[in-house]
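Below are structures written as structure tokens.
You will see chain A twice below: alongside chain B first, and alongside chain C after that.
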Partner chain A sequence: MFGIESGIVLALLGAALAVGLAGIGSAIGVGIVGQSAAGVVTEDPDKFGQTLLLQALPGTQGIYGLLTGFIIMQRVGVIGGGLMLDLGMDKGLAVFMAALPIALVGFLSAIAQGRAAAAGVGVIAKRPEELGKAIIYAVMVETYAVLALLASIMLLFGIPLP
Partner chain B sequence: MPLNDTGYAYAVGRIRALETRLLDKSKLERMIDAPSAEEALKVLAETEYAGAVAELADVHDFEIILRDEISRCFALLLKMSPRPELIGMMALRYDIHNLKVLFKAKYLGVTADLLMPAGTVAGEKLKTMVEEEDFRDLPGAVRAAAERVVEEFAVNRDPQAIDLNLDRVLFARLLESARAARSAFLEGLFLRQIDLANIKTFVRVKRMGQDREFLKKALLPSGLIPAGRLASLLDEPLESLIAQTAMSEYAAVIGEGVRDWLEKGTAAHLEKLADDYITAYLQWGRRSPFGFEPLIAYLWAKEIEIKNIRLIMVGKINKLPVEAIRERLRHVQL
Partner chain C sequence: MPIIDMKKVYLLAHREEREKIFNLLHRLGLVELVDVKTGGSWNEFRSLLQPEQAAGPVNRLESELGEVRYCLDFLQRNFPVRKTFVEQFAGSKIALSEAEFSGYTGQAERVKSIYASCRTAEDDLSRIRNEETHCRNLLEELRPWADFTVPLEEVKNGSRTLMFLAAVPVGAYATLQEELAANAADYYREEVSAGRETVYCFFIFPAASAEPVSALFKSAAAAVISFPGLAGTPAAVARGLEQKLAGLDEERGAVLSRVEQLVAHRPLLMAYFDYLSNERAKQEAVALLGGTGSSFLLEGWVPAPALSGLEKTLAEKTETAVLVSRDPEKYEEVPVLLHNRGPAEAYEVVTRLYSVPSREELDPTPFLAPFFFVFFGICLSDAGYGLLLSLAALFLSRKMRLGGMGKQLINLLFLGGLSSLAFGILMGGYFGDLIKLPPLWFNPLDDPMRMLFFCFVFGLVHVYFGMGLQAYRSIRAGKPLHALFDQGFWFIFLNGLILLFLPEFASLAKWLALGGAAGLILTQGRAQKGLLKKALSGLLSLYNVTGYLSDVLSYSRLLALGLATGVIASAINTMGGLAATIFGTIFGTVVMVGLLLGGHLFNLVISTLGSYVHTSRLQYIEFFGKFFEGGGRAFRPFGFSARFVDVLRAKEAGHAGTEAAVSSPST
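Take a look at the complex of A and B:
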């Protein structure tokens, strides 16, 4: 089954990891912020809007993962027809490697961002006027997810596929 | 990065919102400056206590509000904590307090003060236990301690046995559960409370003019300041205790508080400094966004708030000068 032409399997595995790991990270991150926010809103329902903004922040990694997954699918022909069943092992492995930055960084940075945003929810509970500062702390984490997305995309477009 | 420590995220979020409703310094100051107890109560009616104040028939019954508040706070913490046993552990001190009150009422013939409602065993049940001297329903170590109190009092009619045995079992149990929960934060808290209790015992024994053996028996074991070291200082002038602890964390508590007690004959200032010390210690864990530390710190903040309200109300009812109330007021850190 894994012959010299089974590179397509590795390429699709890369797409699955990019969407899957980054998505899991985002789900955990958004979940953590949701718990903190629910605690605050139990006592103070007016804070719903502000805490929702913070909760949305760790969700972006999942989107980056999906974007990377789409690019892989498009490049190997899952989208648009002409699935490259005869993709060489070397090319397939290259696509797989290109997916790793956003898969790994997306997973961990979403959780880290969720923690920072949950702490920010604590700030909102006491000082609602400082929402901007709380968001900035959480957004700092985003930088590294964006860098990883950039690396993944550059790698993907740098691989010459037939 | 730990992934499984976020169990308290909801509880801490809720605590953050609740903390904003604690009485701040300006509210307390307004209560102090109120011309009468009734006026002070009116300030309280603008806060979280509004509902309770509205139902209050007589100013002198303000204690009811405070007791209800602490049990409400406890029930709330128990409900929102994913590990209620950690909060339940904090309720043990109320059981011990209630036992002390009941034993003293029984043996010294004084009328029992109000019992704290937030304990793990209902006050009425404890009352029957003490009356019948049957402690089978208490947890093991506490039961043994209560039985020891009965035995020792029967032998030498010494009311000291009550506080000694019960405090000892309280702190032993607290330390045990802090270690079981692997919480350096809680362990540190209890060790410091042991030290502060020992410092108070030291001064009390010194003022009574008792000897070193007596002190050794009265000190709680396993504090950060070894009991033996405290005992060895008993016969020396107070200055050597102050000098010996000048470099420790208790420098301010001992230097100011103990001196004040020996000079003025009242422990009020030492009690205040000791409470402020614990408040400062708890700041260490209060900001954690996921741990249970903020819950413990909130409980303490509530207890301090209640102490402050009680101080002010008692002061107002007895028409104490404003300055006398203010200097006893516990530090509030929000």
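Take a look at the complex of A and C:
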């Protein structure tokens, strides 16, 4: 179909890593919070809503990764037709690099955020009125995923593609 | 005036009017009671007054509360009421008019009888459960003997014979038969049934061989099984048990339908619970008083605007009450009551989730409100989502009776929706790119750098505003030099640094930056002792410029979240479009509509959550960090507080204003 020397391979690898790594991180993070939350809900089923809110927080990295992957797919023509088979090696590598911030930071920050949010679930267990503070602790972690997303998006829009 | 002034009040009255005055104060909900013994003036009073003891009825009320709670728990166990998803956040209360509520509170006898019925029902249920377990166990034991045709009461030892049922382990069965054949005289054996591990047999032996037989059975680990008290063949007994089980089931149904009739009284129980817990609070408050033989003294805090109304009411409705008030002393910890008017009130929830301001601080609510409004809009930045969010908030606030923070949060989301609608129109986002309208301003997707620049500008304004507020606090506290040193020099220095990027201001910028830096170096070490230390810590303070830098960079999240909302929405639209082309016209349209509805709803929820938490963070870390510490204690008036019911009371003439001032903290 096309040779390995085409840059499209690297570009698609970038998209795959952005979606894949950030998604794995989010899955682990959300899983960590879910375990804590299930423990609390055993005691008090009415806390389902509050704990679900905390569980949703580490899920955003996966969405940011998907977002980045989607932008790549759109820019290299996977979506919308006209896949750029003749993409240069340099352009492909550039797209791959642009995907790295959200892929790496998304992966690790989602796990770290999952831990912070799981600790927040402990706050909800004892003092449900302090939900706001528990959320803020988890959001402090998310900042870096947002910054990485910003870097990835700006890099992607900065690469001139035909 | 966002923080309401407080007055310390002392109320002296005759003992006979105590209950009346307590009921009055409880109804008004304007006074936060203070323990007289811990109040500042106790030393002056202590030779005159005795501390009061909590009155006796507390124990009675406590046990009645326990009974009502038991009834509610019992009903909840058998006929649970599930809270909806929204109610888990906002709480759910039943709305009652005042007449309905007082109608309920007079039904002490009714509550007693409900309690008795609940107790009986629970006893019945547990008896039925026990009997069922007994029957089931017996049935289980009888199962291997189902084919045994001798009535059980006839399986007994006679004068010449031993007759019994036994369970023999399969492994030992063959050996046992051999041993029996060798050691016992003639005997009868009937194999009734055989399980995987056990053989169930009926044996008859001559009485003479009792000793060797029992030894053999013991060595084979075979168990002799008896069914004392049962008559008839096992099959007949089992039939009887089945019938009994069916009867028990029916009985349980009857008991449960009795309980179900009690469910109708749940509102009564809930109202009565709240009534009792308020009565208990009144009785417990007695322990805060001081008194003499025939009078009592009450100490408390009252919001200053409510004071004259309180004085008037007391004068009208009581004969002996004397109310004295004064301004708070410096050493007293004054409770804080926030009161913001108009749209700013919604943003009180943001402040309160962080901390109530302390007495000396400004209430940050009116200052953060416009920033929160704008930042939330930039984060969501979609006209369609904004409209949906506002409509949903409007619907919820109409449908549910929310008070306090729940109501404020809904209002905040409503305003956030409006802001998002505005920014969506400015930036051309209508469900992503579903509706293609040109942006009124510009689309950040087309020029992200430009939007990033504006985010930094917004951030700088926000941060400067926070610094300005701190400067204002210092000036108001009579320390204008602090304002100049800690904020003024930074302001000059930072502006100088920023202007360095603009060539046309280069020379001005250089002098501004140098001047600001010099000012900082000279003043920031002023708390240190010794010239060297002063100079060093002054120099080191310049390092804080990284703090301001990271503060401003932090506002780039506004761009990132705005882009995320828009691009995810566009991705949903693209997928919908793909589905329509893949699956053909009719089915494809169905799939597309489903994808669009589900996808946009998901994105709306996730993006709203993200916008709310990140905008809050910008207030808490970047903005509050400049001027606000918090750590105040919220005003908690002695008044009606309820877990289950919401009593709608008609406002009393003359108190409308003060009630509004005090109603907000009763969350």
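The criterion applied here is as follows: the second predicted complex is superposed on the first by the 157 of 162 C-alpha atoms of A that agree within 3 Å, B and C clash if a C-alpha of one lies under 4 Å from a C-alpha of the other, contacts with A are read in each partner's own complex, and residues count from 1 in each chain.
Throughout what follows, a contact is a pair of C-beta atoms (placed from the backbone, for glycine too) under 8 Å apart; a residue touches a chain by one contact, two chains touch by 3 or more.
Predicted, not measured: the structure shown is a model, and the values here were computed from it.
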Contacts of A:Asp46 with chain B and chain C, given as first, second, both or neither: second
Partner contacting more residues of chain A (chain B vs chain C): C
Which superposed partner A:Leu83 touches (first chain B, second chain C, both, neither): neither
First (chain B), second (chain C), both or neither touched by A:Val146: second
Chain B versus chain C as contact partner of A:Leu13, first or second or both or neither: neither
Which superposed partner A:Met154 touches (first chain B, second chain C, both, neither): second
Set intersection of chain A contacts, chain C complex versus chain B complex: 47
Sites on chain C touched by chain A in the complex: 83, 85-86, 88-89, 353-354, 445, 448-449, 452, 554, 556-557, 559-561, 563-564, 567-568, 571, 574, 578, 606, 609-610, 613-614, 616-617, 620-621
Touch list for chain B against partner chain A, complex: 1, 3, 6, 9-20, 80, 289-290
Chain A residues touching chain C - in the complex, by the definition given at the top: 46-50, 53, 56-57, 59-60, 63-64, 66-67, 70-71, 74, 79-80, 131-133, 135-136, 139-140, 142-143, 146-147, 149-150, 153-154, 157
Chain B-facing residues of chain A, complex: 28, 32, 35-40, 42-44, 47, 108, 111-112, 115, 118-119, 121-122, 125-126
